[in-house]
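Listed below are the structures to be examined.
Next come two complexes, and both contain chain A; in the first it sits with chain B, in the second with chain C.
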Partner chain A sequence: MIWDAVIQPFADFGFMRRALLGCVAISVGATPVGVFLMLRRMSLTGDAMAHAILPGAAVGYLVAGLSLGAMTIGGLIAGMAVALLSGFVTRVTALREDASLAAFYLISLALGVLIVSTRGSNVDLMHVLFGTVLALDNAALTLLCSIASLSVLTLALLFRPLVLECADPQFLRSVSSLSAVTHFTFLALVVMNLVGGFHALGTLMAVGIMILPAAAARFWAAGIGGMIAGAVAIAMLSSVSGLLLSYHYSLPSGPAIILVAGIFYAVSLVFGPVGGLVAQALPRRHFEV
Partner chain B sequence: MKSNGSMLRLLLLGAGPRLAGAALVVALLWAAFLWATATPGAL
Partner chain C sequence: MPALVFQDLTLGYDRHPAVHHLQAEIAEGSLTAIVGPNGAGKSTLLKGVTGALAPLDGKVSFGSLRREDIAYLPQQSEIDRSFPLTVVDLVAMGLWRETGPFRGLRPRHRDRIAAAIQAVGLEGFERRAIGALSGGQMQRALFARLLLQDAQLVLLDEPFTAIDARTMADLLGVVRRWHGEGRTVLAVLHDFDTVRAHFPRTMMLARELVAHGPTEKVLTAENQFRARQMCEACAGPPHVCGRSAA
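Right after this comes the complex of A and B.
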């Protein structure tokens, strides 16, 4: 029974194994980045960046069709351009960063959809917006695993500066020249992981596997290490459950994975011991904060 | 105020064990890659 429901789809079908590996790579690479995005109060920035990569990917599509390399390079250039442009506008004008980022991502999204629509069909547009996790080939999997490897190693190396930048960025800026390096490396990691996630889950869903598990893990762990471990575990469980739901009930895979992550978030919100609704409603011991 | 060099050392404290753990995760990921791509199956 359990074999038929849980193991057999992955044992029998290569495309399910590939989808699982793609999702595991995204969980390992993108979810820890999502934890730092959340701690830096940049969750919506991640969402905006996910939309911002669309015109670059669309230009790559226009030039070379559904080519992995062209769409990846286009997405990377567009994402980094929007991140740097919105930062530049914030520094030289009176506009705040959230407003300039919102302006740039809306322009990017509209431009991307327009470019894809002029040459491609609705199927191509759906591929770009929602990804094709069940059709990941060797090249796409190599890209996803490479991005995940680079992310994990970079986060391990820059863990302390990143934590310090979450807690007190001005202190880090005042004591070390690592502040700028940390900030731009982190932005590059965000864009890279969104571009990788975009191949599997599409531009609209890629940020979901980055932020939802991180937000859910926030209710289970107080420390950053525990939060990262919890977020990766939740992302992997969501991926397996979403793929199985998609297989057994013929549901679209990307939305199924993100919806399961959403269910984990809702359960954590209610029952999580660290600031969850039930934990807050229960009477606390005297002197407990 | 500490010098820039000693601050850098403080900021990178514990990076070695963390990198070793990260390398293990990366090795497992690529082992999974070999398992998943050993048989054809992409649509």
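Right after this comes the complex of A and C.
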């Protein structure tokens, strides 16, 4: 029974194993970045950046068709351009980061939809927006695993300045010149993981696997390490469960994975011991004065 | 030898000066209070020293000090108290000059962190989340971080606001310790009794320099009256200043 429901789809079909590997790579690479996005109160920045990469991927598609390399490079260029331009505007003008990012990503998104609509087909647009996790080829898997490895390595190197940049940016600026480097490297990690994610889950769903497990893990762990471990575990479980649901009930796999992550989030929100609804409602013991 | 020299320094926001043509020297190893009415430019002056605010005119010279030798406690810290950090994590940030972004904490570092936490009276709070600290406890933790920064020039912006007498007495002890070790301390303060009791030198500002020297000669009724008048005189419509630093 369990074999049929859980193991057999992966044992029998190569595309399921590839999808699983791709999702595991995204879970390992993107979810820790999502934890920092959440802790920096930038959860919606991931969504904005996901929209911002669209015109780059569309131009890549126009130039070379459904080419992994061209769409990846295009997405990276568009995402980094929006991140750098909005960062530049924030630092040299009176406009705050949320407004400047919103302005650039909306322009970018409109441009992307225009390019895809005039030159592509609806099928192509659906590919970019919702990904094709069940059709990952070797090149796509290599890209996803490379991005995950690079992302984890960079986060490990950047961990201390990133924690300072999140918790006390004023202090980091006073003791080090790494503040701007940290900020832009972090945004580059966000863009890189979204570009990797959109091959499997699409530009919109890629943000889901980044943010939902992170938000869920916030209710289970008090420290950053625990949050990252919890978020990666939740992302992996969501991936396996979502793929199986998609297989058994013929559902689109990207949304299925993200919806399972959403269920994890809802359960965590209610039952999570760190600030969850039940934990807050129950009478709590307290320490002596 | 001066630790700091303000050379015809003008600092401000959006072309409105908050510190106007300030000419003064801060001696190395001195303990100086900066006083003045609200809007006198006290906090702005400290931001100018840290480099967070570029001068509109003139400059700040540092003698033998480098920017890394400065530790700064802002009036309103940008610390995100909801971020999952413990007291030890926060205090350990003060070791940045030694550990940098990559080096791990060695046993000697941990000993120094423990000593700094003990020096500010926060023993037993090491594993407490910073979000669970009171205002006074948080200020103690920030002083412990300053202790670890081991800086030659310490800038404190209203460090004793909204804390109780006991905490203030403990933190004043830390300030005296810095002074005893020959560090230069500049603190923005409002309570003249505290300034008279603990700060040998005072600089009174009202956008421009009112007086600077031994505390008992600066904190006179005449200077205080003049400072208030100068600040009130600034309230009129702005006009372009004709003076310029050489």
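Keep this in mind: the second predicted complex is superposed on the first by the 283 of 289 C-alpha atoms of A that agree within 3 Å, B and C clash if a C-alpha of one lies under 4 Å from a C-alpha of the other, contacts with A are read in each partner's own complex, and residues count from 1 in each chain.
Following the convention adopted for this analysis, a residue touches a chain if its C-beta (ideal position, glycine included) is under 8 Å from a C-beta of that chain, and two chains touch if they have at least 3 such contacts.
If you're wondering where the values come from, they're calculated on a predicted model, not measured in any experiment.
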{"item": "Three-chain arrangement built on chain A, chain B and chain C clash or fit", "value": "clash"}
{"item": "First (chain B), second (chain C), both or neither touched by A:I224", "value": "second"}
{"item": "Touched partner set for A:L76, first chain B, second chain C, both or neither", "value": "neither"}
{"item": "Touching partner for A:L178 - first (chain B), second (chain C), both, neither", "value": "both"}
{"item": "First (chain B), second (chain C), both or neither touched by A:L164", "value": "both"}
{"item": "Chain B versus chain C, judged by how many residues of chain A each one touches", "value": "B"}
{"item": "First (chain B), second (chain C), both or neither touched by A:I26", "value": "neither"}
{"item": "Which superposed partner A:L39 touches (first chain B, second chain C, both, neither)", "value": "second"}
{"item": "Intersection of chain A interface sets (partners chain B, chain C)", "value": "157, 160-161, 164, 175-176, 178"}
{"item": "Touch list for chain A against partner chain B, complex", "value": "13-18, 20-21, 24-25, 28, 132, 134-138, 141-142, 145, 148-149, 152-153, 155-157, 159-161, 164, 175-178"}
{"item": "Contact set on chain B toward chain A in their complex", "value": "1-2, 4, 7-8, 10-15, 18-19, 21-23, 25-26, 29-30, 32-33, 35-37, 39-43"}
{"item": "List of chain C residues in touch with chain A within their complex", "value": "50, 52, 68, 70-72, 74, 77-80, 83-85, 89-90, 93, 96-97, 99, 101-102, 129, 145, 149"}
{"item": "Sites on chain A touched by chain C in the complex", "value": "39, 41, 157-158, 160-161, 163-164, 166-171, 173-176, 178, 222-224, 227"}
